[in-house]
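Just so it is clear, A, B and C label the chains in written order, and each chain counts residues from 1 on its own.
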Amino acid sequence: MQPWLTLRHMTGSHSTKDIHKNISRSTSSPNSYAAPVLFELHPLMAFPECNPSQEDGIEGKSQPTEESCLHKAWARFLKGVSYFSGDMEVFGKWMEKQFILLQLLDWVLRGASQVMFVNNPLSGLIIFAGLILQNYWWALNGFVGTLFATISALILQQSRGAIAAGLYGYNGILVGLLMAVFSNAGDWYWWLLLPNIFMSMMCPIVSSALASINSRWDLPVFTLPFNILVCLHMVATGHYNHHFPQVLIQPRSELPNITWSEIDLAKLFRSVPVGIGQVYGCDNPWTGGIFIISLFISSPITCAHAILGSAAGMVSGLALSAPFEDIYFGLWGYNCVLACIAIGGMFYALTWQVHLLAITCAFFCAYLGSAIANIMSRFGLPACTWPFCLSALTFLLLTMGTKRIFKLPLAKVTYPEKNLAFYWRMKKEEKAEKTEKEKKTIEEQLNAINEERILDEKEQLQQELSRMEEGMQC
Amino acid sequence: MQPWLTLRHMTGSHSTKDIHKNISRSTSSPNSYAAPVLFELHPLMAFPECNPSQEDGIEGKSQPTEESCLHKAWARFLKGVSYFSGDMEVFGKWMEKQFILLQLLDWVLRGASQVMFVNNPLSGLIIFAGLILQNYWWALNGFVGTLFATISALILQQSRGAIAAGLYGYNGILVGLLMAVFSNAGDWYWWLLLPNIFMSMMCPIVSSALASINSRWDLPVFTLPFNILVCLHMVATGHYNHHFPQVLIQPRSELPNITWSEIDLAKLFRSVPVGIGQVYGCDNPWTGGIFIISLFISSPITCAHAILGSAAGMVSGLALSAPFEDIYFGLWGYNCVLACIAIGGMFYALTWQVHLLAITCAFFCAYLGSAIANIMSRFGLPACTWPFCLSALTFLLLTMGTKRIFKLPLAKVTYPEKNLAFYWRMKKEEKAEKTEKEKKTIEEQLNAINEERILDEKEQLQQELSRMEEGMQC
Amino acid sequence: MQPWLTLRHMTGSHSTKDIHKNISRSTSSPNSYAAPVLFELHPLMAFPECNPSQEDGIEGKSQPTEESCLHKAWARFLKGVSYFSGDMEVFGKWMEKQFILLQLLDWVLRGASQVMFVNNPLSGLIIFAGLILQNYWWALNGFVGTLFATISALILQQSRGAIAAGLYGYNGILVGLLMAVFSNAGDWYWWLLLPNIFMSMMCPIVSSALASINSRWDLPVFTLPFNILVCLHMVATGHYNHHFPQVLIQPRSELPNITWSEIDLAKLFRSVPVGIGQVYGCDNPWTGGIFIISLFISSPITCAHAILGSAAGMVSGLALSAPFEDIYFGLWGYNCVLACIAIGGMFYALTWQVHLLAITCAFFCAYLGSAIANIMSRFGLPACTWPFCLSALTFLLLTMGTKRIFKLPLAKVTYPEKNLAFYWRMKKEEKAEKTEKEKKTIEEQLNAINEERILDEKEQLQQELSRMEEGMQC
């Protein structure tokens, strides 16, 4: 039972070095953990009727045929995949018993990936790799932001489960990154770390406050704290500031020069990964590509919707005749990426209707993105991820008469594949209950009919009896 | 019993031709429907104690006097009126059994009139007539908007009752109209239909999302979806856009030239109907006049408040020294019209206190309108109906200690006259309960007194008896 | 028992003349009222175990030693203090039986002090004295605003208790004052009273509407109605208006000229009281000083947090490199003053953790203040107290796992000292319950042990008995 463990090792060691050890230690985790994870991956993996106990039984046998050998290998492979895909539950549970600093590192990595709704330290690690590829200084700021946001959440005694899932870190990484991206003081301006730390420590406060409001409608806070805090910092200091000057952003005041013959298809195609990279403020297509890989590792459905969203944003940009530079730079994509992920399988259980809804949401988000960017530019502000937040919240508030669009309770949201498994289980149970009920009704009807029949027979017998008695008496 | 049916025919045929047939078909509707409608119109019509059964009885008699003849004619007239005034319930019920396309037309027409809180296809028809008088292209866009908003609501499986009342169409007509009004590409720019259809199809989504929030306070969504979506479209494209350029709107940057001697009283007077027309973005006073007629047909109270609101807006404009052109153009009126209708009898039951509140709200709305117009102009946006929405929501959130200002539960809101009937019935029931209670208390007190008296008498008798016995023993 | 009554007289007569009589009449109030007030002040006064009944008993004795004499004097002093500090409950109760105009004056004065969360007519009087010192015309406008806001609340039949606590007046005074401060028409422009009266009469409507929303989260409305209404008036009229022109406020468009060597430490120090004065729009440091006194009279904790908040704002201004003039002018202080008071003991029970939270909130508020001032300046608007409202609401929405940060139910909020007493009493009760429970558990365990022992003994006895019987039988 070792090959897939090695596989995980490999994957771990390929992408990173610094947290190699903790991951390799996890090999000692008992196999029993794997069962539920594998089970949850079933719907995705299209690998029916493979329960581990049965598999263990097979292993005990002495003459495996070639087919069962392949079968076994595939099962092992899946089990291996289950250890580092999804939300890496096994690893998370193993982490709970480790030293606090190691745990903190796990939370920070999960926080980094939670920006894309992914709760996976491996994805987080890959994302940090992508950030380092983009810019060292930005990556450092992002790390500091995530770290202090998580520490602040610990100080404020927020829910330990939410902290461990990285839910207090993702706003921190965005605050740290984007404050560095939009700073006009150049890289390695160390004073910037001061407002960075202050703002990222405010993240859990704003998150908690917003959650108090949004929880009334069972809605997540998304990246609203990041939006609020980065806009706060940028507009409080502004372009004309001695300590923390911001990049100058100005509204458009003349017709942009758009010549359709000059369109560069290669760049247009490249804008799809760039759009995914722009979620973290990165314009390097390779960084965007690395992010796509990190998404695929955790959840292929998320990855597919991210690409779809970015494409939808690009198309919208062309439809609304945006300057090509903006489209190439991924500014039309990143909000749609997030909106499409959020609606397509994350907070709704994925069905065809939900898939269509997610694409609609991506187009709406692109429209909204253009509107918000124009408004914010009047204040010298970027659009941040306001368009994503507002469009996703709108689509999550939607109430419909159909059962094919099922909004998961917020407490049950994990990742699209698991959400789908939850939805299917729920539907099956409902169906079972229904058939049970129908069975009962039929049985009751049968009983009633039987009883009636018996009563009728009794009556007939009594009548016959009375007739006989009458005859006797005569 | 046919004269009023003819009357309805006439009204129908006067204003329109294309949907003449469906209306004429409705003559076959059973009379039994009329009774409740007539009853509901009583409070308005000041026509007491005329129940149809009694009337039928009278008809059976052979020697009617002249007076009873007049009486009968009046009753028939009222019954006739009840068929096309109010919310045309009878017609709506009859429509339920018709072909889906006919139903859709009914819903679209009701949607057109719902902008003014009127649920009446006849009013909708007249309103479309007014729009055609103003501008063919705008009317077409409005129709397309209403149609696609209603279709989208059907696709999204929203409540059939709300769709049939036109509650998903009124944002659509406004979106369609105002996108055409504010487009800088000139009339008959057919590409505009694309964003028009997209935005009007987004209406039910935004409506549903906002309703999820507002329903917590039992508040309607008003025209918020329209405001959001039109502002979205306008600011997303802006004045400097190749595909969908918008009209240039700029903030005031110098003292307007106002000479009080140059005021034109005729134009000032005309600004009242123009203000009502501006609800649909129309500056033609005749169109405004037609809208007044359409309001009067459905609900005279609504009509009166619309005129009052427009006048209040005009006065506010003068008080805040607005440029006369703005006042003449009806820009100070249309929000006040809607606010005054909403508060004056629509969501509150009409009493004198509510009437005063409605006028206060109109003045507040005018103030707010000026403020919002100034803010929005910084983004190149018109004020839309934001001022109305915000002021009406504020006044609906008001809680007071008095019972004379009664906010109707949202599910019971129909039209001012019916609302008033509901309020009166409720008050009567309360009174009846109260007197019942008082009666009971008095009866109980009487009983108690009687019982006491009986007890006293018993005691006296017993005492007498014992005395007698004592006498006997002696 | 008269000395402190004189003291109160003195304080009253020093600061005002016109309402001297009503206060002096209050000397006839029965002493029995004083007891609970004194009790409530205990936590602040650090004067343990001095209940009035005991004190009265001491008085009855004939040979007081010197120590008990001091003790008595101190007790009397405290009792005296209790009559005009805190929320002056005794005076308020006595007022209930007075003529309505006198009551109205009381409500207006309490309204004036409620801006700082102080419910004390004496503080209100001192505040009006400070305003008169600043500017007669502003003070008049403030008085008119408070008066009409209170009258409007009476007309709208709002809760009498809230009106009597001045909760409908504080927005009125701010509306009146700030409309006068930001008017560009110069002092004594009498027409200004018209919008002033209209806007202050709108205060209770907006307050009530906002309370309907905020009460869902048990939050106060703070000065939101003032912010909304003053911004409304200013932006509705604007700088370029014939009737009500506003002061011209423009966004910063170049680097401010900041030379750190030119900093004036005296002015920097003076900015602390100026910041407190700016809560009412006053830039006179003496006025600020008078306000500090008025705060100290009612609640020393409030006073301390006000000074801390103003200092925090000043420091933030330096950190974000604001122009020195803005800092000297107190623009960085006033929001922090209010935020620090609100969090530090007013809506949370004061502990060390809450104290730190209040200081954090003050810094956050300063940041937010700079941001909002920059945004509002684009519309020609001042920041008003939006930053305070938003930051305080955010910090009040915070939910934490710790019990050391206890948010008081809104209905129990009075003033920091009384809040603290409430919190301590609650904690004591909880502790008592806990020990009670523990006692019970121990007793039950003891009982169980005893019962077991008894049973064991019984059994042993029975066994012995049976043995003896066996022995007897042998």
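One rule holds for everything that comes next: a contact is a pair of C-beta atoms (placed from the backbone, for glycine too) under 8 Å apart; a residue touches a chain by one contact, two chains touch by 3 or more.
Bear in mind the structure is a predicted one, so any value in this text is a computation, not a measurement.
Because chain A and chain B carry the same sequence, their contact can be compared by residue number, and under half of the numbers here are used by both. Matching the C-alpha atoms of chain B with those of chain C calls for a turn of 120 degrees, to the nearest 5.
Separating the CA-averaged centres of chain A and chain B is a span of 44 Å. Multi-chain contact residues of chain B (touching two or more other chains): 216, 378.
Touching chain A in their complex are the following residues of chain C: 216-217, 252-256, 258, 319-321, 363-364, 367-368, 370-371, 374-375, 378, 393-402. Of all the residues in chain B, the ones that touch chain A in their complex are 156-159, 198, 202, 205-206, 208-213, 216, 231-233, 235-238, 240-244, 378-379.
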